[in-house]
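Below are two complexes that have chain A in common, paired first with chain B and then with chain C.
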Partner chain A sequence: MTEGRLSLYLRENGYRLAGRVYLFLGFIFLLLPITFLILFSFQRNVYSSLPLQGWSLQWYDKLVEDGVLFDALLNSLYVSPIAATAASVIGFLAAYALNRFVFPGRILTATILILPILIPPLILGVSLLGLLSRLGLHGQLYSIIIAHTLLLTAPAMAIIQLRLAQMPPTLEEAAWDLGANELQTVWRVVLPWALPGIAGGWLLAFTFSFDEFIIAWFVSGFDQTLPVTVYNVMIASHDPSLNAIGTIVFGLLLLTLLGAELLIIPLFMRRRRA
Partner chain B sequence: MANESASAVAGGTVADLEARGIAKRFGSVVAIERVDLDVRRGEFVAIMGPSGCGKTTLLRIIAGLERADAGTLLLRGEDIGDVPVHRRSTRLIWQDYSLFPFLNVRKNIEFGLTLRRHDKKAVRTKVEAVAELVHLDHLLSRRIGQLSGGEKQRVAIARALVTEPEILLLDEPLSSLDAHLRIKVQSELTVLQRELGISFIYVTHNQSEAFAMADRVVVMNKGVVEQTGRPAEIYNRPETHFVAEFVGANNIFEGRVSDTAAGTVVVDCSHGTVQIAGHGNRIDRGAAIELVVQADKLRRRLDGEDGLNTIRAVLKGREFTGSQVIYYLETAQGVEVKMVLQEPFTEGEGTEINSELELCWAPEDTVILGHRDARQP
Partner chain C sequence: MTDSSVIPPSNRSPLKLTFLAPPVGYYAIFFIAPLAFLVVLGFWIVRDYQIVAEFSVGNYIDIFSQFFSRSRFGWALVQSIYVAVTTSVFAVIFCYFLAMGIVFCVPERYQRLFLVLAILPFWSSYILRLFAWQLILAQKGVLNYVLGGLGLDDPLIITNTQIGTRIGLIHYLAPILIIILYITLINVNRNLIEAARELGATRLQAFWRVIVPLSRLGLTFAFGFGVIVSFGDVLSGMLVGGGIGQSWLGSYPLYSNMIMADYNSYTNLPRTAALATVMVLIMVVMLVVAYRMADRARQRLA
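Up next is the complex of A and B:
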């Protein structure tokens, strides 16, 4: 009786079931490495291999004692938001100018702004090192901010431009017609319209910068961002506290996402319902 | 400031807007060849024409969104040709309303009042007064996305009116509403305009809108004004071939003047002679002219009727539109004839398709157009 039911169920829902299994396996493939990273950050094992040797916070202790990776994380949390903000501001202004005005050299300007993202990071890194050191701006945290701003303006601008391209041209005209000058119109009409694009561009730029290794490696000095420090720690020795810093970063990102979901989205929903 | 000057002068006789010799081209395309336009204070003027005739460009020039290549533009006697759009006291209503989607109704309406230093309480009072005027008071906290087409349009009007404009410019504001709502909004707009006493310049390609609302209609084509006049004048006495063709159902016959004796003009047309009574202007014998007969002035000739113009034509098709029937006919010489009747023929009177009918109209109902328009091929 039960067997008959099962085969009936499979005949009716077989494809759906297969799809679910496939999806499940896909998620496992994506999430398993992170799960292991978190698991072994709380284990006594020196090497990430079974069997488990018992729960411990010793790698977190080591993280705080050494301080190198921790400082690097703080550096990253300093560099990336500033670079992302600078890139978003420049990206917005450039996107607006390219969208609104027809001027000689318009295509050239757009190309130059997009170019950094097309140049291989290795070449960009080397040339930035040469340039910044000649200007006396190398080897500092702000060197990375400058380099990242240059790199990230292109993707931020691209996303903001997508949003601005959807803006009906009569929207600005309506603001002028009602008595707003150019500046007021940009501030009170174009900016609110572009805001979802700016937020998206900022997030993309932030993640880009937070992850970026090659250019940061070239232009940084003793103060390094997290990816560069992780690399340096890895080539120097085997250190399980890398698992611990990985877990902390993952936790931070998860909290940010959850926070966004719990705080910001209901805010939008409520405004819409009101 | 708009109100002080408005109340100081009695409405109707003073010019609100005078446009002289306005011309505009975009690259090699001529949008406006040369246009003169006068709008008296408190007048409802409709600018009517097909798409591409330059009517929207003219409106945008008045609003300050485009710069005329030539001509002068006087607003209440003051030259505003060099005044930038945000300093002009004209307000434009867009076809798609152009509301700010990220602001609610109240914030949209108060936009124009909050650009300079302002008293918050005064703004609130003004916004609420205007909202009441256009029946939006219960929707002030709504988001734009939650409004219907008619409500959006009222927000657009409120947003413009709250700034006390001297002239309201409307660019096909009814075209995105459905037919039922359009009739309602038409009468609302007319009432509103009478109440406010400010001039409306209303651009449309729809003659029924223009005729229903406007005090005066300006018909434009290819960047020039073809005719200006009261709706009835435009309808009954078209002056040019274009106006006759554009305004509703008109029959246009070509002919040559053969006699001008005793107050009637006799014209030889391809289908026979036509008599025209009550024509004031002098007209030369032998001149080539065009005649207009409105389709609803035609009817079937009854036996024994005399003194009427007649035309024989073959029935080619008919169209039932609800309140009336349109008959399409063709003369033996290949001239198309339209006839509009309030009631259809009764069956079995020899009115099948391809049967020949004899139609007639009164000599007084014939209009002579100006001599053949040079621009017509």
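Up next is the complex of A and C:
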């Protein structure tokens, strides 16, 4: 009897152990690239591989000297915040309207608004280049802003909708009841309520835009965003200063992650509890 | 009280039009119009390096007349679908077990930390992660150096094959799939699992007969998402897969890479538009299939 229990105990812990080993290996896989990116950015190796040849900051120096990747980073830091802001504004308007109003074609509208994340960006890139070049709006930084705003509205809207759906309808009703007009209600009641959702949506949109390659590749011209320039550098030659820019970008996005951890994940968690 | 005093000014609200106009307007100009124009553009031609608005089916004849022969668009399409489906299968299995590990093997108060770690790669640039994968998987890369140290003399050839493409893609998909599957698993009723266990089911039986059927919706969604993203992705196939990656089908590029390369070398936008239109059609078929599958999963749950 006791022996049976003992073997059962061992077998159950065996599963748990296997689970932990799997988790460990899985997380190694997930964190492997970023680890080596950071490691090689501080190494002397001209070809980034093992064995290590000693610590150095030379690739960061080269980054500043060349300037190409640095300029691209600045372009990205110009394009992405604007696109994310535009997308958040449009996304909020759409989320509020879809959340509150009933109108013919509501479901169709909601579907079309979310559709850009389901269509491969490659298709959007070719389409937008087709139209923008016809209008003479292609090949500029603002072309990327126009295109990204379209791509980002859907995810921003989705996050804001999560938050708006949690708002009790009585909140708005109370405001109307107390004499606020509708615009005042949106500005003073709905907007403050939606703010965590808007901020989360903005961060998500910013990250998407910052990381987006193929649309920017199609519609951009001489001035490019970071992923496009990284691509051009990558296919031209092996350049370890890519490790350095990767480390910098990771540091930047880590700050965004901190914000997202505080804003987006609670939205999912709250739903679970409900 | 509230019923009588407050009439929600829903349908005659002035805000309805004001709020709907910007999103609908923006989408009409920069989403519907470009997609419609894409189809039209596919029927135009290029003459003397200028796009000419002249109806012609030349692009499509050009594409389909040599679909499986010289330009091999057909093979690229087959390769793309093959890689997308297999990638998604591996990614879902990998992430499903990781999510299970987090749900069942990690104490609840640490689960959030593990989730944050799982999403961590998502917040570093995708293209730079692919660069790192190049360094790790290359013939003289990190992996082969380690394997060499362990006594394996023949280096593994992973870059410039579709296996490399898949590794890049799985790594890209993992954070999102882990979140989807974590939410799925956390919503599986623990009482049902315990009931099955107390009635004599082994862990394996409880897994196959309780946990898997109850996560079918999440699994289907994750799989569909994986296929769509992998099918549309250009970077992993280009950078880790080497553009014309080897698989057992042969050395064919992914269809998405072919579109990109075609535009890059000919700058013939109408022809690129025609190629993209073909891709859209394939996507529509895949979405219909995915929707049917999700629907069936939902019905089986009900």
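In this section, the second predicted complex is superposed on the first by the 226 of 274 C-alpha atoms of A that agree within 3 Å, B and C clash if a C-alpha of one lies under 4 Å from a C-alpha of the other, contacts with A are read in each partner's own complex, and residues count from 1 in each chain.
We adopt the following convention: a residue touches a chain if its C-beta (ideal position, glycine included) is under 8 Å from a C-beta of that chain, and two chains touch if they have at least 3 such contacts.
Please read all numbers here as calculations on a predicted model, not as lab measurements.
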Contacts of A:L74 with chain B and chain C, given as first, second, both or neither: neither
Touched partner set for A:Q184, first chain B, second chain C, both or neither: first
Chain A residues touched - chain C or chain B, whichever exceeds: C
First, second, both or neither for A:L137, with chain B first and chain C second: neither
A:P192 touches, of chain B and chain C: first, second, both or neither? first
Partner chain(s) touched by A:L50 [first = chain B, second = chain C, both, neither]: second
Partner chain in contact with A:L23 - chain B first, chain C second, else both or neither: second
Which of chain B and chain C A:P168 touches, first, second, both or neither: first
Residues of chain A that lie at the interface with chain B and also at the interface with chain C: 170, 173, 176-177, 272
Residues of chain B that touch chain A when the two form their complex: 63-65, 85-87, 90-92, 94, 96, 98-103, 111-112, 115-116, 141, 143, 159-160, 163
For the chain A and chain C complex, residues of the former touching the latter: 12, 15-16, 19-20, 22-23, 26-27, 29-34, 36-37, 40, 47-51, 89-91, 93-94, 96-97, 100-103, 109, 112-113, 115-116, 118-124, 126-134, 146-147, 149-150, 153, 157, 169-170, 172-173, 176-177, 182-183, 186, 207, 210-211, 213-214, 217-218, 226-227, 230-231, 234, 242-243, 245-246, 249-250, 253-254, 256-257, 260-261, 265, 268-269, 272
Sites on chain A touched by chain B in the complex: 168, 170-171, 173-181, 184, 188-189, 192-193, 195, 271-272, 274
In the complex with chain A, residue positions of chain C that touch it: 2, 5-6, 8-11, 13-16, 19-20, 22-24, 26-27, 30-35, 37-38, 41, 94, 97-98, 100-102, 104-106, 112, 114-129, 131-136, 138, 140-142, 145-146, 171, 174-175, 179, 183, 186-187, 203, 228, 231-235, 239, 256, 259-260, 263, 269, 272-273, 276, 279-280, 283, 287
